[in-house]
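What follows is chain A paired twice: with chain B in the first complex and chain C in the second.
The block that comes next holds the complex of A and B.
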């Protein structure tokens, strides 16, 4: 059984975010550092006026300084257009984090609801839910993204929202929906006949009331453990799709598309254009997965199996 | 019962995959404009739509689409004017060969380390494996590939005296053999074909070109394999039948092979097959980085040229391969595990 008491669960939540545990501190502070970068991202230029770090306009090219190696003026060097990589890597943090967060919340939220609903209803509802999961998961993630871009490419349906970003979010949501559905369903399936469910039924609570008030809270520990992990995964997908030119268009700073710019330069020895954005992906994914490992150990056995 | 259930599921999933493919094709509107271009009169468009059966009811269209798929007709590339199925038949072996060698590399590191980590958790090798798994899940495959290209292809010839210059450790990331003529096609695996042709140098070169993409993919797709092996071995080790085997007086080595490894193997084999199916379409980025002429870079090429038939063909092929592999894995499990039969 994977049920945990509300008190224990609150402890898990608290400890995941702030509690002291040796060994994981560096990883956790790394995450908060990335979060800090995501917050200050767009104002980095203003901040650069007060403290002596060399930051520039992330979108203004410097034609006299293309592909210059890391130096005191350009800590991470510049790319083919002379854009400062240090500034852009920091500005991109917010883009990647936000898109990942929105996509995971959208797909994960729906997945949780569907998972809880199918665990409660069982029968044909459950069967349909599982078939949907199987169908979605039989597409390799990046090809699913590719197909989405192919399908939604010519349609102008997002209005003022940036088209590429919207499709990225949908792709992330589609990948996460089955993950959360499966996880939540497998945790809640044994609870369908539990006494508190019977009691709630006797008290006259409707199906959605039971699912919402009594089912989903029981899966919160697992959802919590899955969340950072899927966010990390989402960042990788966003970067991967942008790397093949889908999603965020090149002049805008994004880690994957920055790596793409450097991909052709690296065989000529200009390593800095790709290496720094990639290192930031590694750092954010690494720090995020650390949280998952933590909440998994706190929730105890039967955590995620991702 | 189990088997019948599985066949039904296979059919349902395949149908759904094809339906999604169909919906996407129709929503892009490509079949019409792809064959005509944009600047034509209404009358011609109307006539062409009639010819292509686009005025039929959607159910009829879907039926035609399925029939075409079953006949191996995946459409025609807009750019090259070659049937997509022909292109894929050429490119699929390249991908399959890369994925095959990826699994070979994973067998070298992920599974032995996983077994070791399951047998002796907390040991030095267990920590090494966990470290590699952590690294593998954190690092994007395409970036790792670029790093390898820089460190192993670009850098060595430029190391100054007294160490270097060293010869380049690996060939340039260009296709499967660079500019060398490939061996005559038998299986489509260059390494195997070269051996069949009796050309060992060529086989060696083909292998040489495979190493970097395979290692890159293995490091990033191997972590689940490591973890599943570890869990399976430690679970088998803790189970009553192992205790019983020891109590019979069997030696550690015998128990390890006869009971632990044998009982730990189904989930590992299962995941290996799944990884294979997944990587057929999941190695897209690595293919792009190494200019590997597989179906992944074919799909990206199609995307770059708005050649959507190509993209969808690859997506459908990859999904169908995955689903069928999944089915085969189920069958094997069914054959191996008598508990599923009742």
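The block that comes next holds the complex of A and C.
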């Protein structure tokens, strides 16, 4: 097992987020472009007043202009309600990215802690953690999502937070929890007998102190590699659940529900309603998985090449 | 890269082979289609001969045989092909309809979904039905003032309208059992209806005034007398209800148990009727086949077989219609109807109807317990956007509780009772007057995954947002929607598609919706004591001149109180193959198979 020096860690971070020596890749450009769209999403109408791009209120239907093909007025066409697809795919970027990020951070964070604790304590704690992971992972993702919506649907427990969004976040967290737990546990398991851990114990550091200060930092590289990948996966989950009618309520823009709107129209030749939100999902996932591949390369044993 | 280039020739070979296979398959299909076209024209000829030559059945048979044989000799050579012609003849006499859901069940006493009601109407025989009206341009409206007997042949009202003498049609039998239709079956049917109520036929008989089987006197084997009936204008219109089908009492009793004395469980899955069509087979979830009733001796429907094919996805129903695999596709969206209208061989019938596109407001809970605010909402709606945008012009703006396409709208001159038009300034004034100058929040409940509901709700949300009103949309299942409506638990507004009164009569509309004590579907919680009085006073008035002024007053009061948003009266729309004709629109909007043919 390789431990990573602070210098190398900083280098990995810098190369992952800013750029390797080989230059800017297409995936990274795409990612920053999507990130840019996610940031400007809510203000897209205001931006449309300054620069000449045809953007509209993403929630205001034009009943006299439904299912119109891409044109100068509507770059990506309109859907069955006459909503502008170009505006909506941009606004949806933030929704999908934010939910994915929160869900992964929640599930991943808890998974990391549980994985590190499980690796440190071993024994029955480890066994219980692994059984929980196996149970959760034995459910297909969509089935797990359906079950969650069925169970949490009638409960008014999220206060002012949108109920559908909250359940989506929980679903993503539940899917990610075992992924991170397993990954972190497998990385840290060999470290329990390491000298620096023994030294920390001798120095009187408590169990949580050791886990927090000595275990988690050693798994940071793997977490970093896993993070973009799981975010991409989470975007797919959000889109999948929205496609089957769970999560984001229409007419709020979300890629999966937008694809669903257009799914039945494709056979009639109205391809644009589904294709553009679908393309945005593909691009997002593509850009994020690229990040993951790069992170893995950078943090792998001896992996300094870009 | 080099390897890739090496594979190109084999890839081309595979693609070419696939293309050849595809062409081969396509060619075969073309041949089949051509044969079908030829045969269809033969059948058309035969039908023409039937009509022109004579009306007696014997001669029809002779003509049919002769013509068919002649043409077969000309066109077809081998024996195998002769068999194909015979099959194709029945093909032409088969009507295929793509439906969205499976039929729920087959007991007339329990039907609720529109599709189930449609089937029950066609496979059971009601006491009476409307006669078709005159041709209105490729279709006809049912004449709601003229009835023809079905299982009753004739009827007489006493002078006080409280006694009705019903004479049963003779020589009817139940085709699946062979049992004759008798007065005992009629009495059993009424008794079963009353016992299995209070909904369904019990509710219908109750409104006719029959609440006990003791009110039915059996005079002889074909005569019944109904005593102490409730006089009203809707006695006969109620008797055409799809729940009123006569049942084979012998068969149902044979399949009843101690725990289930009226055979309800059995009748849900089985059939004991004698409609113009009878249920031949039913594969749950996929297909129901109906056959023309061989025991009916009156006018014979053109189609010998009606196949109802369950196709849940609307786009697939449309595709089947476009390819000619089905003759009629039900439940298409506005956009799909527009696509269908532009397809070869497909036509879309769009007939002005009374179907109400109405938004319900909860009159008993804030904020819409405030009449001024309800009126403000009525001014806030952009009716033109709904009628010409959402409904693509297949509708007209509504003008109150009685549809503008009801014959009573003109008869009672209800046009001057209407108040509202799209006037945002007036809406703002009324909102301020109601105590909401800066807007407010509320929720609209709609059915999930129903395009019309989503379209209406989304458009209203945007329109209300212009006035500072924040409307959220909550999609629920159909069952949850009913719970919310009957329990009046929805927060602000609710919308569940078109609302159609099965009987075109102001009394029916008012006792159904607006009687604060007994309304069957008072989904708004509206209460007006004066309207209750008017209803009591006019319930037994059976002449229109005597009802005109009271109903004008009731409608005026109702419009002024704005208990719901009356947005539009949507057309009845039906997408079908071009050769389908004979459509008659009944007030209940339930497709009546008996008049359909291939002479469109």
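FYI, the second predicted complex is superposed on the first by the 295 of 306 C-alpha atoms of A that agree within 3 Å, B and C clash if a C-alpha of one lies under 4 Å from a C-alpha of the other, contacts with A are read in each partner's own complex, and residues count from 1 in each chain.
Note that a contact is a pair of C-beta atoms (placed from the backbone, for glycine too) under 8 Å apart; a residue touches a chain by one contact, two chains touch by 3 or more.
Because the structure is predicted, anything quoted here is derived from the model rather than measured.
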Query raised in the report: Mind checking chain B and chain C on superposed chain A, clash or fit?
Result: fit
Query raised in the report: Now for A:80: first (chain B), second (chain C), both, or neither, which partner does it touch?
Result: second
Query raised in the report: If you count the residues of chain A that each partner touches, which comes out higher, chain B or chain C?
Result: B
Requested in this report: Pick one for A:245: touches chain B only (first), chain C only (second), both, or neither.
Outcome: both
Query raised in the report: Touching A:63, do we find chain B (first), chain C (second), both, or neither?
Result: second
Query raised in the report: Between chain B (first) and chain C (second), which does A:267 come into contact with in this model arrangement: first, second, both, or neither?
Result: both
Query raised in the report: After lining up the shared chain so the two structures overlap, which partner does A:207 touch, if you call chain B first and chain C second: first, second, both or neither?
Result: neither
Report task. Calculate the angle at chain A, using C-alpha centres, between the directions toward chain B and chain C; round to the nearest 10 degrees. Result -> 60
Query raised in the report: Now for A:142: first (chain B), second (chain C), both, or neither, which partner does it touch?
Result: first
Requested in this report: Name the contact category of A:199: first (chain B only), second (chain C only), both, or neither.
Outcome: neither
Query raised in the report: How far apart, in whole Å, are the nearest Cα atoms of chain B and chain C in the superposition?
Result: 5
Report task. Share the list of chain A residues that count as touching for chain B in one structure and for chain C in the other. Result -> 245, 263, 266-268
Report task. Give every residue of chain B touching chain A within the complex, in rising order. Result -> 9, 12-13, 16-17, 20, 23-24, 27-29, 134, 137-140, 142-143, 146-147, 149-150, 153-155, 158, 172-173, 278, 280-282, 284-285, 288-289, 296, 299-300, 303-304, 306, 308, 311-312, 314-315, 318-319, 322-323, 326
**Report entry** Complex interface listing, chain A residues touching chain C
**Finding:** 57, 59-64, 66-67, 80-83, 245, 249-251, 263-268
**Report entry** Partner chain B, residues of chain A touching it in the complex
**Finding:** 131, 134-135, 138-144, 146-147, 149-151, 153-155, 232, 236, 239-240, 243-246, 256, 259, 262-263, 266-269, 271, 274-275, 278, 281-282, 285-286, 289
Requested in this report: Please name which positions on chain C make contact with chain A in the complex.
Outcome: 313-316, 318-319, 333-336, 339, 385-386, 388-390, 448-449, 451, 454-455, 458-459, 461-462, 465, 473-475
